[in-house]
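In what follows, subunit A forms one complex with subunit B and a second complex with subunit C.
Showing the complex of A and B:
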């Protein structure tokens, strides 16, 4: 049963990550892959605050999320002046640099990782409590992203993504919308990171690299970019599928590359056969 | 008629190429000003300077007494400068109606749906409100672009080649809308190659060439000008 709980928790975390990433890349059209860094920032912040100052863990999670949001705003102001390929390159640079910085900060555990993070729940009902909390928050995040991307604000986001210059010429402040999308998306990734830190009780720089960016991107692409349900389906599928393969008793030397091949293969198949993803509709253009 | 827009000694260069050289121009309320000249003359660049896509290297542009040069594009639109684009630029993933709803100065605006519906009715596209732009013929797309601009309800209307690629009923509708908007007190400026459109509608015209205003006056004066014919059509100077 413990195994099922752990898979459900991972699914919940990945739904938050994929939905928030979809807000930025799918709805906002902002090609930034540094999403796992905001997950890491909040995770480290929440863990260190809880460990060093004894702040109650729920409050530490909120602080971690706010820290991640605030840093994303600071980063977005210069970064979002560029777009397209330039934003992508800037985000890759930020991600690679940040991982190297964490590797050299002693009080964050440096390269060997941060251990001894206090858990959010303890006791015999620890795992079910985590499952309920994380899945409830995942549902809340999906609802929030849906609300933000529909109605008047959603229309503005869509128009901004379609043609930023034309959008501005109608009196809309494209930069403010881009910053808001980036801040909310990064803040939600931070929420996932803080929850994860107090669940796994261990963080290491290796958990937030380019590989993780690729994994979240795969969830969004396979599920359906720019749709509410797509990242949920993508996160479910790409968290459960590798777990299912573990039941086929293959040696580890085959298992690890096989999982990598599944991710890569799925992206290639979907980009070729159904670029709009499982939940995406064909554009009525 | 008072000047809604004043362009004063504006200069703009892209690298070594001058695209606006000492431009001085007034757009008056209730007037339809024609902006003519060959491709590359700087007409669209002048629109881009007025609405803030490009910043001038020198000079100033005023909306009434308000200098515009330091204001970003969206702030100028909120002051009432609305424009269309040569290549329409509708938002392809939004319906016709939603395209119009992105247009008001104050977004989203309480009365926007009613205004959008009324504008679509006025241009004869009420039945197309839920269609996607790509489902419409090019002429109707042009109309939707114009309709989205009307949602701004501002004092200045800049129309970039509104008649390019349109004919028949759409042509007549655009002509009527332009007339009505000027009659309602807006300053309308039209970049257009269609001479009959300019002749029928414009009270005054300006001829641009190589980033300069070569001549301005009534449409008849310009059309009779040998200089214009020489520069525009390559006749004898």
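Showing the complex of A and C:
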């Protein structure tokens, strides 16, 4: 049963990550792949605050989320001056640079990782409590993204994404919308990161590299970029399906690359067969 | 610490080490210039070329030349295949640039996973011993590898320059890079130019990875990190400038090596990413000679 709980928790975390990433890349058209680093920043911040200052864990999670939101705003102001491919490559530089920084910070555990993070829930009902909390938050995040991207503000976001020059010529502030999308998306990734830190009780810089960016991107692409349900379906499928090969009892040296090949292979298949993803409309292709 | 001898040694070693970075950067810049793709899949080509050479040279014990040619053939085949069945298909569908980028990154990751599965994650090199003959010139240590690497890189770059400057296909590639649609109106095949660019890039990458593998060891995910330096050099040198990319690669190598004098060694790799971030934000079109300096009197 514990195994099922852990898969459900991972599904919830991945739904939050994929939905928030979809807000930035799918709805906002901001091609940044540094999403896992905001997950990491909030996770580390929440964990260190809880460990060093004894702040209650729910408050530490809120602080971690706010920290990653604030940092994303600080980053977005200079970064969003450039767009398209340049923004993407700037985000790679930021992400890998930050991973290197974390690897060298002693109080964050350096390269060997941060251990002994206090859990959010304890006792016999720890895992079910985590499942309920994380799945409820995942549903809330999906609803929030849906609300944000539909209605008047949603239409403004799509107009900005489709033709920024035309949007600006109508007197609308494209930069403000970009910053808002980036901040909300990164903040939600931070929420997932803080929750994950207090669930797994261990964080390591290796968990936030380009491979993780590829994984979240896969969930969004396979599910359907720019749709509300797509990232949910993508996260569900791509978290649950690779679990099947864990029953084969292969050694880690084979299991890890095999899972990676399944993820990347699926993206390649979808890029050819159905680039709009499982939930995407044909017209969007 | 800032002794002239030390600085000269660091300078020499950086220039020698930059040889393979120059080749990777020029290859990356070439595909960006002609095919207009940020070819991160080049990391996959690098990995395939390296492990093909590794198998041929160390497992099958082929002579180095044959091993190199085997790696080259694998790299060219992989690179041309990525154009024919990857970028070409997406281009014909007029896919969004993001899909092209996702394709490139995912191919590179797929190859890295595949190589990890087949060869494991232990570092491997192309020679049983990486020790090279050493000469002392004016108090500076110069290895035989340094001299060979400089000569090979110079020949490879000169060959590319001659091909682009004097061959008919090279001139077609210039035309496609300038204006693909107009070039096609004149009967030039843009698709052929893209394929040739990919094949040439694969040749440069093969030479580069051979030099790398005879000096250092490689892991399957190594090319994903190496390619970033090629990206930085391409942007820093000015997109569209192969010479600029090569010079920027030498500059980055010098910067990385000399930084050891002022910052602790563990922060050296962070410096590369900092440069990438700063360059993109503040010099997105690269560092060029200011107009007033470049004007002819």
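We adopt the following convention: the second predicted complex is superposed on the first by the 277 of 285 C-alpha atoms of A that agree within 3 Å, B and C clash if a C-alpha of one lies under 4 Å from a C-alpha of the other, contacts with A are read in each partner's own complex, and residues count from 1 in each chain.
Here is the rule we go by: a contact is a pair of C-beta atoms (placed from the backbone, for glycine too) under 8 Å apart; a residue touches a chain by one contact, two chains touch by 3 or more.
Keep in mind that what you see is a predicted model, and the values were worked out from it rather than measured.
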Check your understanding: For A:245, is the partner it touches subunit B (first), subunit C (second), both, or none of the two (neither)?
Key -> neither
Check your understanding: Is A:152 contacted by the first partner subunit B, the second partner subunit C, both or neither?
Key -> first
Point to revise | Per-residue contact with subunit A, leading partner among subunit C and subunit B | key: C
Review point. Of the two partner chains, subunit B (first) and subunit C (second), which one does A:254 touch, if any: first, second, both, or neither?
Key: second
**Study point:** Partner chain in contact with A:162 - subunit B first, subunit C second, else both or neither
**Key:** first
Exercise for review: Once the structures are superposed on A, label A:174 by its partner contacts, choosing first (subunit B), second (subunit C), both or neither.
Suggested key: first
**Study point:** Touching both subunit C and subunit B, counted on subunit A across the two superposed complexes
**Key:** 285
Exercise for review: Using the touch rule from the top, collect the residues of subunit C that touch subunit A in their complex.
Suggested key: 38, 89-90, 93, 95, 97-99, 101-103, 105-107, 109-110, 112-114, 116-117, 120-121, 224-225, 228, 231-232, 235, 266-267, 269-270, 273-274, 276-277, 280-281, 284
Exercise for review: Would you tell me which residues of subunit A are touching subunit C in their complex?
Suggested key: 25, 31, 78-79, 81-82, 84-86, 88-90, 92-94, 96-97, 100-101, 103-104, 210-211, 214, 217-218, 221, 253-254, 256-258, 260-261, 264-265, 267-268, 271-272, 275, 285
Practice item. Using the touch rule from the top, collect the residues of subunit A that touch subunit B in their complex. Key: 152, 155-156, 158-159, 161-163, 165-174, 283-285
**Study point:** subunit B - residues contacting subunit A, complex
**Key:** 51-53, 72-74, 77-78, 82-83, 85, 89, 91-94, 98-99, 101-108, 132-135, 148, 151-152
